[in-house]
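Structures incoming, each one as structure tokens.
Each of the next two complexes has subunit A plus one other chain: subunit B in the first, subunit C in the second.
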Partner chain A sequence: MWGIEVIFKGKNFLRLLGGLGTALQISLAAVLISIPLGILLGVLMAGKNPVIKAILRVYLDFIRIMPQLVLLFLVFFGTTKVWGWDLSGEVSSVIVFSMWGSAEMSDLVRGSLAAIPKHQYESAQSLGFTPWQTKIYIIIPQTIRRLIPLSINLITRMIKTTSLVLMIGVVEVLKVAQQIIEANRMTAPDAAFGVYLFVFVLYFAACFIPSLLARHLERKWS
Partner chain B sequence: MDIQILQEYLPLFGEAALLTIVLGTAGIAISVVIGLICSLVQYYRIPVARQIVRIYIEISRNTPLLIQLFFIYYGLPKVGIKTDPAICGIAGLAFLGGSYMAEAFRSGLDAVDKIHAESAKSLGLTGTQTFFYVILPQAVATSIPPFTANVIFLMKETSVFSAVSLMDLMFTAKDLIGLYYNTTESLFLLVVLYLIILLPISLFGTFLEHKLGNNSVRQSRKTTVKRQVSENARKEVVPDVGN
Partner chain C sequence: MSGLLEIKHLTKRFGDTVILNDINITVNKGEVVVILGPSGCGKSTLLRCINALEDIQGGEILIDGGMIGKGADMSKVGMVFQSYDLFPHLNVLDNITLAPRKVHKRTRADAEEEARELLKRVGLSGKEKSFPRELSGGQKQRAAIVRALIMHPELLLFDEVTAALDPEMVREVLEVILDLARQERTMMIVTHEMQFAKAIADRVIMIDGGSIVEENPPERFFTEPDTQRARQFLETFTYESVRK
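Up next is the complex of A and B:
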């Protein structure tokens, strides 16, 4: 019925999960790179050096305003043409998502730092905290509480964005789904409905669970 | 980079950009309507409809547009629902955007203190009057930053339309790269045209945000209660921005 049976034929189910695994691995790698990088950039953006801030702003705004697919094309096709690099789809997507993720993360960090009221710094100072102590004992713990739910949201956005890697030829869920549909063209001509519905559900599960967690933490800590 | 090639490609990219703008605008317009309806259903807590809206928002926010498009374009025809690529693209964008817009409007509506509605009622305003004269004007002000962020986000999302064989900017770029290997020129035009579409929206959004941001600061100085409210509103707004 509508190709639901195709999903459970042979190794198809495991292949689809494997495809999702590839997508999740790419997003995990990108997240692991972009969180520390984003924190660093965010702290720099919240700092006082106007030159660094101006340069970063242009860079980060460019990354954030370009569709992620355009960035993928720039890295995947552009570097080959200009420098002759032969990057695989996976490597280019990790590079792009790390750049994009760290830009987004830096904005979240900057926002969380800016959201801390000035009187927190002033009270700390009047209590005799040194600037470093203020940061470690007062500012960072509060910032982290704000940041954790936001970063989990960023992870779900990252997972959603990884679906784009299909367009630069990485074999992930959608590609596997296409292959399965093609292979069963004769026996199950309507398989596209069931298989794509299944992919839809897979992605939903992969994103819904972390976003529930983020919402829970947000409620608990705000 | 070859100027002649740029000149040769520019009309092709211009046409593609036009398609991106037309489809994007149509999709965003419909998603605003969907978003308004959904946010009102949630605001007035209409039974049954509210649960349906909740489920819709979760599904649409937790799946990527590309997957939604594949399902609409390749999956649905198998059960008899056939659409042409343009309609499919608009439908996908509206399906995705509706939930983002709903969240933006809902955060605006929720930021309006309940006391305003109660005061309006005690002054003898009807439900409709309360909504249009008291709640809506205040809600719009808080909704504008997430709204513009959503418009930019949805315009960016149109870049996946090439997957359903719409000849948008991405499609044109990929096609030209594949045909003539003029990668540098194609990518340059791709970036420039996306900037032409997205930068004005982004700048306008920042401008509006600054204007509204200053206002809310001025207001919040009046009372601490007010400040708490607008801070809550801002908190509410932050995680909803972007994809």
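Up next is the complex of A and C:
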């Protein structure tokens, strides 16, 4: 029915899971780069140096204004044309998602730090904490509690957006789905529905579980 | 004799605006000084200067002989704020014991023992494991007082600590402060609670426009103040009946 049987034909099921695996690997690599880099940039954005702040602001706005697809094309095709770099689709994807992730993450960090009331610093100071102790025991724990749910949401957005990387030739879950549908066009004309439905379920599973966790943490710490 | 706190010719400016102008106050050990004055007169800023939360543009502030900003032992001063400012990620017990453990390097057991005693004294036994968001305003403020007390400050500053509270919670907090006065603690209190000020003050200082306009014992200040300005200020707290 609806071409769902196509999913279980041959190695199709495993290929689709493999495609999801590729998407998740790209996301994971980008997350592992984005989070520390984003924290560093966010702390700088919350700091006092106006030049650094202005540069980071421009970087953040640039990344936000550009559609991710344009960034992917720019890195994948653009660097080949101009500098002759031969980046694979996967590497280009990780670069773009790391740029995007670190920019978004830096804004989350900046916002979380700015959301700590001035009085938290003052009451710490009046209790005799040194500036370092204040950061370690009071500011950072509160910032992390704000950040974890926000970062999980960012990660799920990244996972979803990896569906674009098929446009630069990366064989991820959506590309595999297209290939399966093409190959079965004659025998199972309905396959598009069943296969894309399955892709939906895969994305849903990959994003829903972290979303639940984020919501749980948000409620616990609010 | 010299006081525990000596403020000499203190001047505080924000840019060109003068907030405090040539303030001179001496507070002796065991004395309770209440600071009164209209909103924006500089009384909160004065407390913040004493606690080194503001830099000063002139004069000096000495705590037990040490100059603030130049080597004074700031652990001798404790402050309680209007907005409680408990640490939201820590439970009551950890809020109170974090500073003695990290700043005074006391053991957890030692700090917790004292914290429990103090919590009992302010009527918060059983709230040790509660988080600030689970407490009422009055309970939060009492916990914040304990957090300041456990550092054993010689001078306690209270900055409008009941201003953000519902009326029925004001009393439970003020009772705690009255109890501290009975223990002969040295305190400076900024408040708008006139009855409380009358009951607790050894001396009342009224500030207006950044300067001290009157300094008197409460019996005198509240019944026959020396200045017209003080009289005007006190009148704002009384109402004439409109019944015919």
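Going forward, the second predicted complex is superposed on the first by the 222 of 222 C-alpha atoms of A that agree within 3 Å, B and C clash if a C-alpha of one lies under 4 Å from a C-alpha of the other, contacts with A are read in each partner's own complex, and residues count from 1 in each chain.
Rule of thumb we're sticking to: a residue touches a chain if its C-beta (ideal position, glycine included) is under 8 Å from a C-beta of that chain, and two chains touch if they have at least 3 such contacts.
All figures in this text were calculated on a predicted structure; none of them were measured in a lab.
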Partner chain(s) touched by A:R110 [first = subunit B, second = subunit C, both, neither]: neither
Which superposed partner A:L69 touches (first subunit B, second subunit C, both, neither): first
Touched subunit A residues, subunit B compared with subunit C: B
Which of subunit B and subunit C A:Q133 touches, first, second, both or neither: second
Partner chain(s) touched by A:T80 [first = subunit B, second = subunit C, both, neither]: first
Touching partner for A:Q125 - first (subunit B), second (subunit C), both, neither: second
Touched partner set for A:Q142, first subunit B, second subunit C, both or neither: second
Intersection of the subunit A residues that touch subunit B with those that touch subunit C: none
Footprint of subunit C on subunit A - complex, ascending: 117, 119-120, 122-129, 133, 137-138, 141-142, 145, 221
Residues of subunit B that touch subunit A when the two form their complex: 58-59, 61-64, 66-68, 70-71, 74-79, 152, 156-160, 162-163, 170, 173-174, 177, 183-184, 187, 190-191, 194-195, 198-199, 202, 234-235, 238-239, 242-243
Contacting residues of subunit C [partner subunit A, same complex]: 51-53, 74-75, 77-79, 81, 83, 85, 87-89, 98-99, 102-104, 144, 147-148, 151
Subunit A residues touching subunit B - in the complex, by the definition given at the top: 2-3, 61, 65-70, 73-74, 77-78, 80-82, 104, 111, 115, 149-150, 153, 156-157, 160-161, 163-164, 166-167, 174, 177, 181, 189-193, 195-197, 199-200, 203-204, 207-208, 211, 214, 218, 222
